[in-house]
Amino acid sequence: MTRIGVITFPGSNCEHDTVHALGLAGADAELVWHRDTDLAGLDGVVLPGGFAHGDYLRPGAIARFSPVMGEVARLADEGRPVLGVCNGFQILCEAGLLPGAHIANRDLAFICRPVEVEVVDTGSVLTRAAEPGRRLRIPLNSYEGAWVDPTGEGRVVLRYTDDPNGSQDQAAAVANQEGNVVGVMPHPERASEPILGSDDGLVLLSGFVEACREVKV
Amino acid sequence: MTTPTDDLKFEDAYVPEPEPGPEPLHRRLGLTDDEYRSVCRILGREPRPAELAMYSVMWSEHCSYKSSRPFLDRFPTEAPWVVVGPGENAGVIDLGDGWLAALRIESHNHPTFVEPFQGAATGIGGILRDVFTMGARPVALWDQIRFGPLDQPRNRYLFTGAVSGIAWYGNAVGVPTVGGEVAFEECYSGNPLVNVMCLGLMRSDELVLGTAGRPGTVAVLLGAATGRDGIGGASVLASASFDESSTTKRPSVQVGDPFEEKKLIEACLELYRRGLVVGIQDLGAAGLSCATSEPAARAGVGMEVHLEAVHVREPGMTAAELLMSESQERMMAFVDPDHVDQVLAVAERWEVDASVVGTVRAGGTLSVYEGDELVAEVPAASLSEDAPRYHRELGEPGWMEDLWSNTLGLVAPPDTSKTLLLLLDDPSIASAAWVYEQYDHMLFLNTVIGPGHDGTLLRVKGTRKGLAVSTDGNGRLCYLDPRRGAARLVYEAALNVALCGARPRAVVDNLNFGNPEKPEVMWQFRETVEGIAEACEALGVPVVGGNVSFYNETDGQDIYPTPVVGMLGLADPMPATPPRLDRAADGMDLWLFGPEWAINLAGSAFEQVAFGHVGGRPVAPDPTLAAAAIDAAVTLAADGLAPVLHDISDGGLAVAVAEICIASDIGVSLRVSDWRHLYAEDPHRFLAAAAPEDGDRIAEVAAEAGIPARRIGRFEGIDIVFELPGAVASVDVETAARTYREAIPRRVG
Amino acid sequence: MKVTVNIVRRPDIADPQGATVARALRDLGHGAVRSVRVDRSIHLEVDGDDPDQVRAEVVRMCEELLANPVLEDFDVVVEG
Amino acid sequence: MKVTVNIVRRPDIADPQGATVARALRDLGHGAVRSVRVDRSIHLEVDGDDPDQVRAEVVRMCEELLANPVLEDFDVVVEG
């Protein structure tokens, strides 16, 4: 079984949902508290959505100093799959594991609704199982959702078809050059069952689980 | 340290005259002279300042229900599935298979008027604490919010501020806001209403009550540090200062900290799971005074409290301030002495501050110390149980007869297309998406039917159960006839949950009223309670909790009597494909369930929006038809016979059908025999969309339930077409949709 | 003219954000940190050449929109 | 010692809040408003008596936590 750690910071809130959806995608996911520093035996990690440390100061600013983050960086360096969803994406940027940073949505309002994204690069652990050009309906849920990257180093792997928040390059998901670290602003775990309106997120999560499985062997 | 006396002997006879002088302390604290005398009688002496402070907050209208309690006893509160009825922090019902649901509603009207963002935000914080105090994990929130018209800048400021505050707190604390209501009426200009409701889930062995337990039990204060926030907020002390010689302004505005609350939720849930608390009580209005005296009174014990142990945010707070502070995000846990270390360890793991502040004692005295000094010594139960009861004067308002005879009496129908667009553009009817898309309404992956429908449907993971909730209010209707109006709200909410396939199980109510010292307001109140009680009895649904908010008046102008009803329904099993508004498709039939009523437009949105008219007497509800409508709806939803079900409420049939067309992006043609049928809001009626081949089965369901049903149209094309006797009108769906969606955003800019 | 408005939370009003940041700084080893308050400052460019007039106008802006009188105090500095 | 940290958004980064406030001020009739930028200022109390040392420590706090170099520049003022 592929083992995936879902890192929980004080203020995280999507950790249980993420475990649930990773289970549907075929993984054995478990919660990891932010003070734990032993990630041995995990094939990959996910930083879930929420408001780590209340999003005080800036989203992700305080969380990046959590004891677990040193290990997350090490895994990322080793080429293991690391995924940040929403707040997790913000944390990965603050931690320097992904380029860029996040600012408030263009309309200065929190946005919770499904949006459409297009797969533009399948060379990442998140998008590897999706066909290029495929359009997915996935719920967005953020206030500081606009990604900016003055360096232009980020690799955009999902793009909004109708930019809701003012992200640079309409980026909805961004990977590092190697493609093993990915941040995604909409929540694939919220699109993992038809009864909740869409299961388009499963293709992303399944691809991620697959990537974790491959690293293992 | 002095040891507390055992039971004090209080003399009965000593009743001093209130101190002379400009404004005695008790009045500045909001106590009347008579109430002050009662305090003296209870204590057998003049109260110390800290004691007076405690009585003033605990005996405030907000905490004591002194004007409303006698009426609230009228509510039916029992049913086999009720585990905890009114009186605790939240009502609890049994869902079967070891699952319990906790439900509670609260108002935060006055704080929102003072500071909309923090006022509404702290309302969310407070209602969550009421629910996780019971042992339940809060899983969903609803907000019912009412403001003056959006053309006034002040109302826009209050509305947008309150919505942002709810979004900020609810989203960050990690509890989805899955529904609510938004309404705008002139009467809320000086007095916005922000009600919030919370639902929690727990296993039956996780239930905890607000009891202090046995002598020896230790009181542990958990959460945020105590500051001068909201001192006397409950006793309407807003601007009076506690000590005239001090010039510090005492802020009444509480500031919320959703991050602290989130940690507090997780810490408390872990304490319950591990069986580490005997009881627990949140600190809301009246702060420490309430969180010590109430649990002690419930357990029939006393308590010794040490204020110097309280972790504080600012130095130099007086005993009275510590006892009255309404700092947010605090809980008082009652812990077996052997478990204290474990409790402190759990708090530390979740990064929650904790201090041991007291010990339960035999005998019913609450003794409060500041260091060695005894600053208060009162019978714990006297703060809650001996609170005054007022039998306020009642009087039917002189204006009722005039209102009822003041009918609009239109001779000719107004232009149908224009009227429909006018109604869809009314912010109280229009899409609330601008509001609910700012709220996380999907967290926890339970939201099967989210905001934008008649009711919310949540699944209970790990079971086949679904929980449906609807919250409904209508001030205009209740102004025109409080008893009928309130009863109709109960029936509307019940029908809304039935349209999700659920059976009504429990009601919570929030009674927002004007000044209770006016006989007319108390009459409205009594009538409202009667209406709710009658309808709940007829449906066999218990009231498991509620809240009363009085003094919603500005410059002597009272708001409409505005009860809000929250209905919880249970669908077991949950329908596999529950009806939704967006599933109407080309070729489906449109069915109207419900009677052809007398043609009554009194109280309708139509009369108000199109003609600015509020008058006439609204139709009385019919309990038999209500039950039939509910039966039919539940069957249709459960059998999957009707892909779309939608009740007819604000704006009548015309708006209801337009909402289906907008959501499904399809046109319709329908026939009615009288134009008034388009706008009447008579109760117990709903629409269904169904495939033509299911027509016989649908008619059977209606006949079995005992409710008339007729095919009145067909979904097709891109226009909403009304065929009236001698006239045809139409509006294209795209225009209707744009009007409906833009009504609120275009007004708030 | 360049104008800076410093908006500070009134001292009695809780600042959960500041408290959280203070805790984080101490955890990072900055034990000398006693307290932190997170406030806003607003930088405006306003047409005009009379500093007093510009100041008066910005004070009005603060009262109307920029500051929340229930929670905050403000201070306007015209920098020319 | 009292220290103020002014954190200002780098000019190449969008400031939706500033733009919105500017629009709102103009709508309220303050047509003289050219531009608005909304920034953060952080007020700290830090133990210590050497202003230079305190300053150096607060600069480190900014580099580590208080400012995000992708978005922001900062400026530390020790007020004694």
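Letters A, B, C and D mark the chains as written, and numbering starts fresh at 1 in each.
Throughout what follows, a contact is a pair of C-beta atoms (placed from the backbone, for glycine too) under 8 Å apart; a residue touches a chain by one contact, two chains touch by 3 or more.
Model, not experiment: these values are computed from the prediction.
In contact with subunit B and with subunit C at once: which chains are those? Just list them.
Where subunit B and subunit C share a partner, that partner set is A.
Any chance you could check whether A-D or A-C wins on number of contacting C-beta pairs?
If we tally the contacting C-beta pairs, A-D comes out ahead.
Taking each chain's centre as its mean C-alpha position, how far apart are subunit A and subunit D in Å?
29
Rounded to the nearest whole Å, what is the centre-to-centre distance of subunit A and subunit B, using the mean of the C-alpha atoms as each centre?
That gives a centre separation of 36 Å.
How far is the middle of subunit B from the middle of subunit D, if each middle is the mean of its Cα atoms, in Å?
Taking the average C-alpha coordinate of subunit B and of subunit D, the gap between them is 40 Å.
Tell me, which residues of subunit A touch at least two other chains?
Where subunit A meets two or more other chains at a single residue, that happens at 53-54, 56-57, 62, 65.
Note the residues in subunit D that touch 2 or more other chains, in rising order.
In subunit D, residues 64-66 touch at least two other chains, as defined above.
When you check subunit B against every other chain, which residues touch at least two of them?
Correct list: 257, 259-260.
Identify every two-chain combination in which the chains touch.
In this structure, the chains touch in these pairs: A-B, A-C, A-D, B-C, C-D.
Would you pull the subunit C residues touching subunit B in the complex into a rising list?
For subunit C paired with subunit B, touching residues are 10, 12-16, 19-20, 68, 70-71.
Would you pull the subunit C residues touching subunit A in the complex into a rising list?
Against subunit A, subunit C makes touches at 16-17, 20-21, 24, 27-28, 38.
Under the stated contact criterion, what part of subunit D meets subunit C in this complex?
6, 8, 21, 24-25, 28, 30, 32-48, 54, 57, 60-61, 64-66
Under the stated contact criterion, what part of subunit B meets subunit C in this complex?
Listed in rising order, the residues of subunit B that touch subunit C are 114-115, 118, 224-225, 227-229, 248-251, 253-257, 259-260, 313-314, 327.
Subunit B touches which residues of subunit A in the complex?
Those in contact with subunit B are residues 10-14, 16-17, 20-21, 50-51, 53-56, 109-113, 139, 141, 143, 187, 189-190, 192-193, 195-196.
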